[in-house]
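As C-alpha cells, the structure follows; a few thoughts come after it.
Per-chain numbering from 1; labels A, B, C, D and E assigned in written order.
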Amino acid sequence: MTLDTTPKQRWWNRLAHPGQFVAWTRPLLWPLTVVTALLFVAGLYLALFQSPEDYQMGHTVRIMYVHVPNAWLSQFVYATMAVSALGTLVWRHPMADVSMKAAAPLGALFTALALFTGALWGRPTWGTFWEWDGRMTSTLVLLFIYLGLIALWRAFDDQLRAARVIAVFTLVGAVNIPIIKFSVDWWSTLHQPASVFRADGPRMPGSILLPLFVMFFAFTFLFITLQLKAMHTEVKRRRVMGLQRRLAQGNAA
Amino acid sequence: MTAFRALLRRELRLALRGGGDMLTLVLFFVIVGAIVPFAVGPDQELLARIAPGIVWIAAFLAMLLGLDRLFRPDHEDGTMILLRQAELPLSAIVAAKLIVHWLVTALPLIVASPLLAVLLAMEGDALWRTICSLLLGTPALAAFGALGAAVTVSIRRGALISPILLAPLSIPVLIFGTGAVSVGQSGAAMLFLAALSLMAVALAPFAAALAISSAED
Amino acid sequence: MTQRHLFPPLTLCAEALQCGRGGMALTAPLSLTVESGQCLLLRGPNGTGKTTLLLTLAGIVPPLEGKLAIKGRDEDARVLHYCGHRNAIKPRLTVAENLDFWAEVNGPSGTSVDEALGEVGLGHLAELDAGYLSAGQGRRLALARLLVSQRPLWLLDEPTAALDVEGHALVTRLLDRHLSLGGMAIAATHDAITLPDSDRVRTLFLGVGR
Amino acid sequence: MTAFRALLRRELRLALRGGGDMLTLVLFFVIVGAIVPFAVGPDQELLARIAPGIVWIAAFLAMLLGLDRLFRPDHEDGTMILLRQAELPLSAIVAAKLIVHWLVTALPLIVASPLLAVLLAMEGDALWRTICSLLLGTPALAAFGALGAAVTVSIRRGALISPILLAPLSIPVLIFGTGAVSVGQSGAAMLFLAALSLMAVALAPFAAALAISSAED
Amino acid sequence: MTQRHLFPPLTLCAEALQCGRGGMALTAPLSLTVESGQCLLLRGPNGTGKTTLLLTLAGIVPPLEGKLAIKGRDEDARVLHYCGHRNAIKPRLTVAENLDFWAEVNGPSGTSVDEALGEVGLGHLAELDAGYLSAGQGRRLALARLLVSQRPLWLLDEPTAALDVEGHALVTRLLDRHLSLGGMAIAATHDAITLPDSDRVRTLFLGVGR
C-alpha cells in the first residue's frame, strides 16, 4: 500500500492548479465571445435572407438552422463530459471535475433547444408537437440523462468526492448512449413503418449547407465560450465554499 | 472462493430473514398489473396487446424498490469500510450482492408472472416468451440497478435519485424485452437482451465498485 | 522475548503525512514509523483528527500530502484490521453468524469462532440475535473479529468505548498478546491503556496546539 | 404549536437537502411515466387510455420509495426515543411527518402531471380529472403508507414496508383513482377517494403512533 | 446549599422494580428512591441491564414487575431528559439547526442555543453539517440538548463515552450544576464520575452476582 501524491510534472499539470487555469484562460474569453457573435451575425444573415424557402415546408425550414446545430451539440457536449470524466478517473486532473460539472447544464440546455426547435418544426410539418420518432425520442432520453446528472451533482455536498462517482456514471452513460440510440431506432421502425421526415443532410443544396455550417460553428463556439465561463465561476464557487467550510470548522488548519 | 460463498450466504440470510420483502415486491408487481385493466377498460385483445409492456414496466419498477437495500445499510453501519479490507476485491463483493439481489427480486417476479399473465389475458405462448425474456433481461436491470445504488449510496434520499439515473439506461432492456414478447422478430430481440445482460453483468461490478470506493469515507 | 514471532517483520512508515477531511487539512504533516511488536497510542482532544488519521492509514481517506508505506509486506496480502467507532454488526444474524461471516471473508487464519467469542466473553450469547447486543457486548463482538483472522496491523478507534472494567483488561490482554506475536497496533483512545512492558508503547499527541 | 412547526420545518429541511430537492422529485415522475411508451409502444390513443393508470402507478411507487425514510432513520439513530419525551404527543409527530411526506412526494407528482400528460397524449379534461383524483387520493396512499412504515419499523428491523398492510389498503385507492380519471361515473369514484383519504388521514396518525410506541426500542 | 432551587422537589421511587428485555428478566427486583439534588450512578458489567433500567425509568420499556412513580410532578408536564448510547443527531442539518430543533420541540426553557453550544465547546462548529462531527463532538452535541430545555430528571447512558479528558470535566460540571439547581440524575457509566460534594452521589451496582 503505497500512495504517492506528489504532483507529476507533465505539461497538462501546469493547468492542473485551478487558480492558474483561470489566470491562463481568462484572456481567451473575450476573443471567443467576439468570434461567436460574428459567426452568429453571419449565420443568421445567411440563414434568414440568403437561403431559399423549402418547397413544401416554406419559411419554417429556417428552424433547421437552429435545430440541427443544437441536435449535434447535444451529442458533442456529452462527448466533452465523457472525456472530462476520463480525466477525472484516470489522471485525477482537478480541472476535469470542473469541466465535467460545468458541461452538464449546457448539454441539457442544448438538448432542450434541439427538442424545442424540433417540436416547433414538427408542428407545421407533422401537425403535432411531439412524435415518438426515433431520433427525437433518443434525444429526449439524452435530455433525461443530462438532467439526471445535474440532479446527481446537486445531491452531493462534497464536490470533490462527487466528481469521481459521477465520472463513473458519466462513462457508463457514454457506453450506453449508442445502445440506446440503436434500440430506439429499432423500436421506432418496429412501430412506425416510415419515419415522418427523411432529412438526409448531404443531399441538401449548397445554399442550405453553407448557412447550416456557419450556424453550426457559431453554436459550437457559443458552447466553448459558455463552458469556459462556467468553469471559471465553478472554480470561484469552490474557493468560496472552501473558505466557508474553514470558517465553519473554526480552525483554518 | 469460500469468502465469496460466505458473502452469498450472508446476503441471502439477511434478505430472507427480513420477512416479507419478496412478498412486497411480488405484491407490487401484481398490483401494477391489476391496475391497468381498470385504466384501459375490459378490452381483452387490447389488454393482450399491451400485456408484455405492462409486465416489463412492472418488473422494472418492482426492481427499483429493492435497490436501496443493496448497499446503504452496509454503508451506514460501517460494514463497507471493513469489506474493503476483506480477502476478496470490492468488485467481487458487488458481484455477490448483485447475484443475491437478482435471486430475491427478479426471480420471485418471474415466478409470479403467470399470475399477471392471467390478469392481463395473455395466451400461452406469449406467456412463455415473456418468461424467457424476463429471464434474459432482468440480469441487465439488476446490474444497472446495482450501479445506480452504488452511485447514490452516500446520498440520503438516494432512493429517489437512482430511478432517475436508471430509467434511461434501462430503456434498451425494456424495448428489447417487450419486443421479444410481442413482435414477430422476437428472436433478434432475445439475442439483444442476452447480449445486454452479459455486458451489463460483466461490467457493472467493476463500475459499481469504483463508485463505492470513491464515495466511501 | 521468548515467544517466536508469528508475523513477518513489518514497518509502517509515514513521511510528512498530512490528512484531512473534505480537502481540508486537520493535522500538521506528521512522520511516524511503527515496527513489529510496537503499539502507537493516539491521544488528543475531540475532533483533532484521530479517526481521520486511522482512516487514512487504512487507505479509506486519501491523504492530502506526503507518503505512506508498509515495508516488508507482499503486495497482494491484506495486512490490516480496522475497528472503528461503528462496529459493523448485522441485526437479524446471530452473534455467531456475524463472526462466522467475518472469519470466512477475512480468511479464518486466527482462532476459531467459539474460542474468540469465549475470549471476549460472549460465549453464552452465541445464538442471540446480534441486534439485541448491548453497547459493550457489541464492542466485544467487534473485538472478536480481530481474533478470528490474523493480521499484523491493528487500527483501533477507541477500542475500550462502552466496555466495563473487565473489558478494559480484555483489550489490554489482546493488545499485549498481539504485540508479543510480532504484530503492530495503532489505537486512538481517551482512556489509559497500560501494557505490561511499557517500552513497547509510544504515544502521539494530536492537536495539542489547539 | 411551535413544536409542531419546528417538526415540519426540520422534516422539510431533511427531505429537501441532499438529493431530495424539487428537481429530483419532479424528474422522478416524468421519467417513470415517460418510460412507458417504450414498453407499450408509441400508439398515441393507446397511451392516452392507459395514462391514468400510469400516473397512479408512478404515484404509488414514489410513495413506496419515500416511505422507507419516514420512520426508520429516526428509529435507528435514537431520535424516536427522544421524540417520545417531547412536548407534543407522538400522534402529532406522525401527523407532521405525514404532511411533509405528502408534500415532498405526492405534490411534485401533481405538479408534474401536465408534463406527463403531454408525453402520454392525454387530452385536457382527462388531465384535470387526473389532477383532482390525485389531490383526493394521494393523502390516503400516504396515510396507509405511514401506517405500514410504522408497523414495519416496530416489528422487523430493516425490511421493506409490510405488504400485508400495503396491498389490501392501497389497491382500492388505486382502483378508484384510475376509475375517477377514466370511467364515465368518475364522480362516484372521486367521492370514494375523498372518503378514503379523510378516513385514512384521520386515523393513521393514531394507529401509527400506537405501533411505534408499542415497539420497545 | 445557598443557591435557590429551580425545580420543584420531586422524588423518583421504584418498588420491587424488575426490568428486562423481550419478556426475560435481567435485574433482580430492585427498589430505589432518588430525591431532588441527588445523583444515582449505575455501574456493572456489560449486559447487566443498565441501559434497560434507564429505558424502563424513561417509560420506553415496560417493567416486568413492580411499580415506578415520580412524586410531586404535575401529570401532563414532561419531567425527564434521556441521553442514550445513540446521540440522535441528524446529518444534513447544521449543528445549530439540530439543537434549535430540540430546543423548540422540548420547549426552550433552558439556556439559549448559542450559550449551550459554547458551554459544551462546539461554539465554533455551529454552522457545520452535523454529519461531520467526530464521535466526541457528537456526544457533546447530545449533552447540549440537556441544557436548552430545563427538565428536573436526567437519565444519562454513559455520558462520558468518546469524550476527552476535558469532556469528562464538562460532564461533571454539568451534573453538579444540575443537582445544585435541585435536579436529579441517574447515570449509567463505566468511567469514574466524582462530583465535588460526594454525599450527593450514590452508586448502584448491577449484576454483580454474575
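Side notes on the structure shown:
One rule holds for everything that comes next: a residue touches a chain if its C-beta (ideal position, glycine included) is under 8 Å from a C-beta of that chain, and two chains touch if they have at least 3 such contacts.
Predicted, not measured: the structure shown is a model, and the values here were computed from it.
Just count the C-beta contacts per chain pair and the biggest one is B-D.
Most remote chain with respect to chain C, judged by CA-atom centres, is A.
Farthest chain from chain E (centres taken as the mean of C-alpha atoms): A. Centres computed as Cα averages put chain D at a distance of 38 Å from chain E. Centroid to centroid, with C-alpha atoms defining each point, chain C and chain E lie 30 Å apart. Inter-chain spacing, taken between the CA centroids of chain A and chain C, is 48 Å. Centre-to-centre, using mean CA coordinates, chain B is 23 Å away from chain D.
Looking at chain D, one finds that residues 14, 17-19, 24, 27, 31, 34, 38, 41, 158 touch two or more other chains. Annotation for chain E: residues 21, 85, 92, 125 touch two or more other chains.
For chain A, the set of residues that touch two or more other chains comprises 144, 147-148, 151, 155, 157, 161, 184, 187, 190, 245, 249, 251. Every residue of chain B that touches chain D in the complex is listed here, in rising order: 18-21, 23-25, 27-28, 31-32, 34-36, 38-41, 46, 50, 52-54, 56-57, 60-61, 64-66, 68-69, 73, 152, 155-161, 163-164, 167-168, 170-171, 174-175, 177-178. Taken together, the chain D residues at the contact with chain A in this complex read 18-19, 21, 23-24, 27, 31, 34, 37-38, 41-43, 118-119, 121.
The touching residues of chain E, when paired with chain C in their complex, are 21-22, 44-47, 51, 85, 125, 132-137, 139-140, 158, 161-167, 190-191. Looking at the complex, you find that chain B touches chain C at residues 2-3, 5-7, 9-10, 13-14, 17-18, 74, 77-79, 81-88, 216-217. By the touch criterion stated above, chain E contacts chain D in their complex at residues 21, 55, 58-62, 78, 80-82, 84-90, 92-93, 97, 100-102, 104-107, 145.
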